[in-house]
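Note that the chains are named A, B, C, D, E and F in the order they appear, and that numbering of residues resets to 1 at the start of each chain.
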Amino acid sequence: MAKELLHHEVGEHVDLFLLIKSATKGIASNGKPFLTVILQDRSGDIEAKLWDTSDEQVKLYQPETIVRVAGEIHNYRGRLQLKIKQIRPSNPQDGVHVSDLLETAPISKEEIAEKVTQYIFEMKNPNLQRITRHLLKKYQTAFLEFPAATKNHHEFVSGLGYHVVSMLDLAKAIATQYPSLDKDLLYSGIILHDLGKVIELSGPVSATYTIEGNLIGHISIIVNEIGKAADELGIKGEEIVVLQHLVLSHHGKLEWGSPKQPMIKEAEILHLIDNIDAKMNMLDRALKRVKPGEFTERIFALDNRSFYKPTFHP
Amino acid sequence: MAKELLHHEVGEHVDLFLLIKSATKGIASNGKPFLTVILQDRSGDIEAKLWDTSDEQVKLYQPETIVRVAGEIHNYRGRLQLKIKQIRPSNPQDGVHVSDLLETAPISKEEIAEKVTQYIFEMKNPNLQRITRHLLKKYQTAFLEFPAATKNHHEFVSGLGYHVVSMLDLAKAIATQYPSLDKDLLYSGIILHDLGKVIELSGPVSATYTIEGNLIGHISIIVNEIGKAADELGIKGEEIVVLQHLVLSHHGKLEWGSPKQPMIKEAEILHLIDNIDAKMNMLDRALKRVKPGEFTERIFALDNRSFYKPTFHP
Amino acid sequence: MAKELLHHEVGEHVDLFLLIKSATKGIASNGKPFLTVILQDRSGDIEAKLWDTSDEQVKLYQPETIVRVAGEIHNYRGRLQLKIKQIRPSNPQDGVHVSDLLETAPISKEEIAEKVTQYIFEMKNPNLQRITRHLLKKYQTAFLEFPAATKNHHEFVSGLGYHVVSMLDLAKAIATQYPSLDKDLLYSGIILHDLGKVIELSGPVSATYTIEGNLIGHISIIVNEIGKAADELGIKGEEIVVLQHLVLSHHGKLEWGSPKQPMIKEAEILHLIDNIDAKMNMLDRALKRVKPGEFTERIFALDNRSFYKPTFHP
Amino acid sequence: MAKELLHHEVGEHVDLFLLIKSATKGIASNGKPFLTVILQDRSGDIEAKLWDTSDEQVKLYQPETIVRVAGEIHNYRGRLQLKIKQIRPSNPQDGVHVSDLLETAPISKEEIAEKVTQYIFEMKNPNLQRITRHLLKKYQTAFLEFPAATKNHHEFVSGLGYHVVSMLDLAKAIATQYPSLDKDLLYSGIILHDLGKVIELSGPVSATYTIEGNLIGHISIIVNEIGKAADELGIKGEEIVVLQHLVLSHHGKLEWGSPKQPMIKEAEILHLIDNIDAKMNMLDRALKRVKPGEFTERIFALDNRSFYKPTFHP
Amino acid sequence: MAKELLHHEVGEHVDLFLLIKSATKGIASNGKPFLTVILQDRSGDIEAKLWDTSDEQVKLYQPETIVRVAGEIHNYRGRLQLKIKQIRPSNPQDGVHVSDLLETAPISKEEIAEKVTQYIFEMKNPNLQRITRHLLKKYQTAFLEFPAATKNHHEFVSGLGYHVVSMLDLAKAIATQYPSLDKDLLYSGIILHDLGKVIELSGPVSATYTIEGNLIGHISIIVNEIGKAADELGIKGEEIVVLQHLVLSHHGKLEWGSPKQPMIKEAEILHLIDNIDAKMNMLDRALKRVKPGEFTERIFALDNRSFYKPTFHP
Amino acid sequence: MAKELLHHEVGEHVDLFLLIKSATKGIASNGKPFLTVILQDRSGDIEAKLWDTSDEQVKLYQPETIVRVAGEIHNYRGRLQLKIKQIRPSNPQDGVHVSDLLETAPISKEEIAEKVTQYIFEMKNPNLQRITRHLLKKYQTAFLEFPAATKNHHEFVSGLGYHVVSMLDLAKAIATQYPSLDKDLLYSGIILHDLGKVIELSGPVSATYTIEGNLIGHISIIVNEIGKAADELGIKGEEIVVLQHLVLSHHGKLEWGSPKQPMIKEAEILHLIDNIDAKMNMLDRALKRVKPGEFTERIFALDNRSFYKPTFHP
């Protein structure tokens, strides 16, 4: 199999099938139109420019199109760019499919489903177990395919489910260390905390915000769903209010979009677990792009910090 | 009728039936127990101390008890205090009822109900009209009796309904001035924006926060209710999402507890109208307690500012 | 009459007389000069680029020049742009005048003058009335022609006077709702609050900041003028200090350029009325440029928010 | 001469004539009234309590009364307190005068006047010189007697003039080091920067804020005075606007009460000189109260920091 | 064994040997001295007051004295208080020792030492291993006895070592989940991150800040020690700089006292692990004091939040 | 001697030898490579563009190369630019050396060394004197050549030493004014405060941050060095901790990178002196580029303010 996009060095020649992730039209300062495209395969994505684009080309190189590109990896102000030398749309004979080029979670949808099911199975509190199972079932297909965000972290196919599984495993380890934690509540909160994303975002690929996503947001969306589910299932009891609180408060601070700060121990821990898993994902992805002894690009979601990759790491 | 509590000058003698609004036990620095009580009649409330209280007295002077008090109005560090000289619980022969002593809105529950009903009647958008009428009906009793808050503004019986009516009247005037505003949306948003308080707070008198109020908050509570009501009434359409957005965003900023900032013109205006009505209420109540040429106490909810009452006001 | 500039759809052809509002020289990345021009008629303004401009062209296309332009409306990253196909300076035979193309307030200078005069006439406090009339008379010509700002809101001919009239009407409606407000003080504060702009800004068209505007600012400028006017008219009394306070504090917070926060009820309300009128103006202008179901451009002065135009508005 | 108040150690006996700086009535938690008094002589002030005060005593021990007090210096939570054992009002036979007990600047009014006059004399720019001399003359008596503030720094008789003289000397030294500074502008700005305090504050002793001080503030007060003075003296020219800017911006930031940030080099330096002189005054006064090896009380105006007095200082 | 202090209910009678943790002298508002003492046994601490204390009593009831106390547990404004009925100093015959009453870590010093030694043993990077072992050995006695802080979290005997062991166990679990983490670096950073506390604080019991602690702080203290140790051991290499960075940045933000934000992946994770362990400790201690269905006291170090203890926890 | 770079007016022709300070490769929007170069001589620096650069040219025009350039000074958006008409690398026959073109401090290395030595000589405290002399000697060569920063202020050859000398002179003047200041401590703190820059930065010309500079920072670097030096010299005593504190806290606030706020009087003054000298340097450099009656470019390190150059300055 050919070496994938991000496994090439700066200066190296590239000849690959790639997927157009986004394409933005611009007018160059010589008055001619150009396209800024983000091209990707499973290894990650890179920016490139198509100069002097005709109207026909603009139509040809839409998002979600597969193209064959020859070019060279450049480093422009510390960011990688692909200088395109040749480009053509792929055709059926090429035998390349969108799913071959999409970045996806490192574990399959089936594994995700199985692991989450196992965690639900382990719950002992029937109210939490029933409501979690009910909502997961209702949105299972999307849950297993959506990314966890449009950018920043876990922004790939099945990113949402993968993020949840990582958090569950981390929660289990932490709850072993601190046995006073209510594992059922924590698992239920983790499984549901971002489930509103399946309504907030447009779909598994090239996700954008829906009107409802923009105006209501994934937090309030799923809190409403928990309330409706409890009514449908006839569940009464403090678990519902507490579970809604865990979801409401999982961004940790009002200014980060949670209308309440955590006021339950498991809510505080859920927020911290979310934080660790998101940051590890961002850091691993950024550090993958640099060599030991170098600094990464500035990472916006980490206070615009740049991270150093030590030379002595094993 | 006797001169009411707050109509007395500093230094004046007082002999009145008053309602205990709250009673907090303390241990004085001589080791003896005392009670800090807030006493009120319709004109407002005042703090007083009961020294060297026996256990029996503590039981006697519980919140929501009517007492007959003789004493004197003092000024302690710029705040009024009542120095109690004599106190006894009232008895049936006194013929004084709790409702005689509660501060209430300046218009009756019936007027409030009538005015709100009229505004709903004027709406032309059937989706907004039906959902507003449905929820108001569901919580009408509490809506007409609850305060709008536990402190700061409209913290009296029927304060919630009175606040809504003032805002509706203000909205009507503003919409006349700026005809591009969607009056139906604005009216509906105003009527529902604080309706979650009937679940957030414990009741019409001496309101405290419920568990659900603390953990979920009135904003999310009523947003959920709007969602459920739309389902029950079979209403579909963007009105529901937009109306939920108006309620979600009515605190104006994330750090003030709204999980979304206003992104609809009417949401922005609803926030501003809420602001004006709350501030006018706070200012009028604080200025009522001082004379021309004086400054009010610092008002916590107005950035701890102290306001001056000019000497030349008509 | 031809369809005006902003009434064209994206993609539509345009052939209009337009006024150059500003022209900024740049050097394109091919090393050749170009001009970024803002073109306007009464309906609003749009950005356009002139590529490969000769020195002669740069001289020809100065601000405040009328040009005839043929081109096409584009959408570039969510902002409208005009792609120029042909351009020439207008000549006397075209019979087009600058005043035909300037965006102006929706009511005439005469109407503004008449309305403000009427409000002054209604005042009962002679001190406030005299000082307001005196200062208005002193700066009347500029007051009726200047914009209220260089950008953000009411940035058009007679914008200052129009903003004041809108605020006066709003104040009247609010004072009807809250009769404890001192209308004379509020009217006087509104009429004078931004009058310093006639010294802060350079003139009615293409306004920039003067040295005095930059170093002293419109707030301190007019506060000084009030002091001088009181001396000249021999007015003594608290009204002067209180009126100066209303003007000083009308930005509402220290960090927004007011050296004092509002400490008078009418000062607080003046700030809120200013806020509402400025925001309604910004929102209406931004929403006019989008269709139902779309979001506006981000509005810098509204915390960089983007606003949604619902599909169901009447 | 007897050892002064603050020259006593903790635990030492005290028998002194002292001036009551302030007296605040309280109700003790045993229900009996008490007075918290601040007592001072030239060495500084100390807090003390008078327990079980009769109405007569409250009248006797008003601010600005001289008393003879015997007692002991205590240390209460890191603050000095005077435990009063005996107290009586002074009588004419005691031969003690208020001026004997007031803390005053370390140099006399005459010296202050002479030094400021000398600095004005050295100015070469006639516009700056004339306007400075005019305003100083207008307010000279108060300028030489007022404190620079009600608390925090230079809060003693002649504190304002002393602060100005210290700043002038410092400015001269700094301008020698950085000859590009315009000394005339800097001297004029320093002399006038706080002159508005003579209207903002009530008087030289036990100063409080006047209505005008509260609503307008010393910055705007003196900026207005500069404008009026320029008119009276017929001075035209950029010096007036620039001088007003120096005064307007001398608090350095909008949130510290300046409506403009410094935009002139001398304005920036004036702000920094003000800062150094105020901080040195606060630090010297706080460190005077502790011994080497100890920390001072927290100083509110220095971000609530506590400062350490090294043991090795010469 | 008698029921320990915090295992008593509100209202219950107490008769116990307790240790005086701190004793602060006050003057009551009747003018008489009193003592506020914090009394503790292994279960935790409680506040109490001693009224009308003679000088002799003040000397008797110094910190670190053992007393026998009879009294009753009260609830005062949501905080527990002990109302003392009888108190006497313990004598040798009582057979009670300070160490019987000190709150200590739930695991012994020996276990802490063994676990930390084991983690050092597992390291593969010799530079990190040697420097960690060297510094731990140098300060081992204090490391095993000091608290981790004077208040907020792990403020008990051996708190520092216990905090480090908990963090190491958590780090091991997290590194299993995210194998890209450099475990050696993480372990070394955890073991050393707070080791400067042994110089910053005064000792294992009733710890206060030393001069060096106040002026330099534990972060800079141990960073210096790492530098010196590297010199002494002749270790060169990037490990030293990176390890110093982990310690420097472990507070996470500049405003929390780290002069650098984390710029190494393991530094970010170290900060998060520290956060989790400190918060779990604070939350468990606060929740231990309330019953299901109640809210804790506000916890200053958790943004002053109050936490709810659900009724349904297993 | 030819007129130097920044002494030319906008529009004037330039023909000079200049040094390339930095060269950044870009891809123009026509797809062709270009270089953005910063060119300098002793008078300062200016930006220029080289269009359509070949690979050969990119190699030719590296940083620290001397070039001969003919062109014209332009004003682009308020910033000066040099429009290059001709450019060639210099050759040995030109007889121009790098040192001829580097901006350097206005006083020589020898003068700097002499002045600093004199200040050390004046110290009376032997501990402070010995440690200061020791560290200065250790890093003397770099101290005399390094800039004080990579940008913002004193970013020229010998900038570090020049900044220290200016601060020492200023400190001497201030200590004369406030004799309670410990001059020895202040001088020692000033000499050492930025000495860590010789390790933080890469060298005297075109300085960038080293790995150690990025991860540890100049503050912690030199604090460690002070600790080691005290050990080597066998100096004990509070001077070491206090001197380390002065260096640690010299940025004044935690959020500006100091792990402790100043808690010693001399630490506070050191911070203020640093502030004045840095600001004067920035302001003089910015104002040198504009004419009277103009505003400077916005200065990032001065809160992005733009400064006005009055027309009346002597």
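Convention: contacts are C-beta pairs under 8 Å (C-beta built on N, C-alpha and C of every residue); 3 or more make two chains touch, one makes a residue touch a chain.
Small disclaimer: the values here were computed from a predicted structure and weren't measured.
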Partner chains that chain A and chain E have in common: B, F
Rounded Å distance, chain C centre to chain F centre (Cα mean): 44
Chain centre separation (chain A, chain D; CA means) in Å: 60
Multi-partner residues of chain E (each touching 2 or more other chains): 26, 28-30, 211, 214-215, 238, 242, 263-264, 295, 308
Every chain pair meeting the contact rule: A-B, A-C, A-E, A-F, B-C, B-D, B-E, C-D, C-F, D-E, D-F, E-F
In the complex, chain C residues that touch chain D: 211-212, 214-217, 219-220, 223-224, 227-228, 231, 238, 241-242, 244-245, 248, 254-260, 263-264
Touching residues on chain D, where the partner in the complex is chain B: 24-31, 211, 214-215
Touching residues (chain side chain C, partner chain B) in the complex: 124-125, 127, 166, 169-170, 173-174, 176-178, 180, 182, 184-185, 237-239, 242, 261-265, 268-269, 272, 275-276, 279-280, 283-284, 287, 295, 302-303, 305-308, 310-314
Chain C-facing residues of chain F, complex: 26, 28-30, 32, 34, 49, 51-52, 74, 76-77, 81, 83, 293, 295, 308
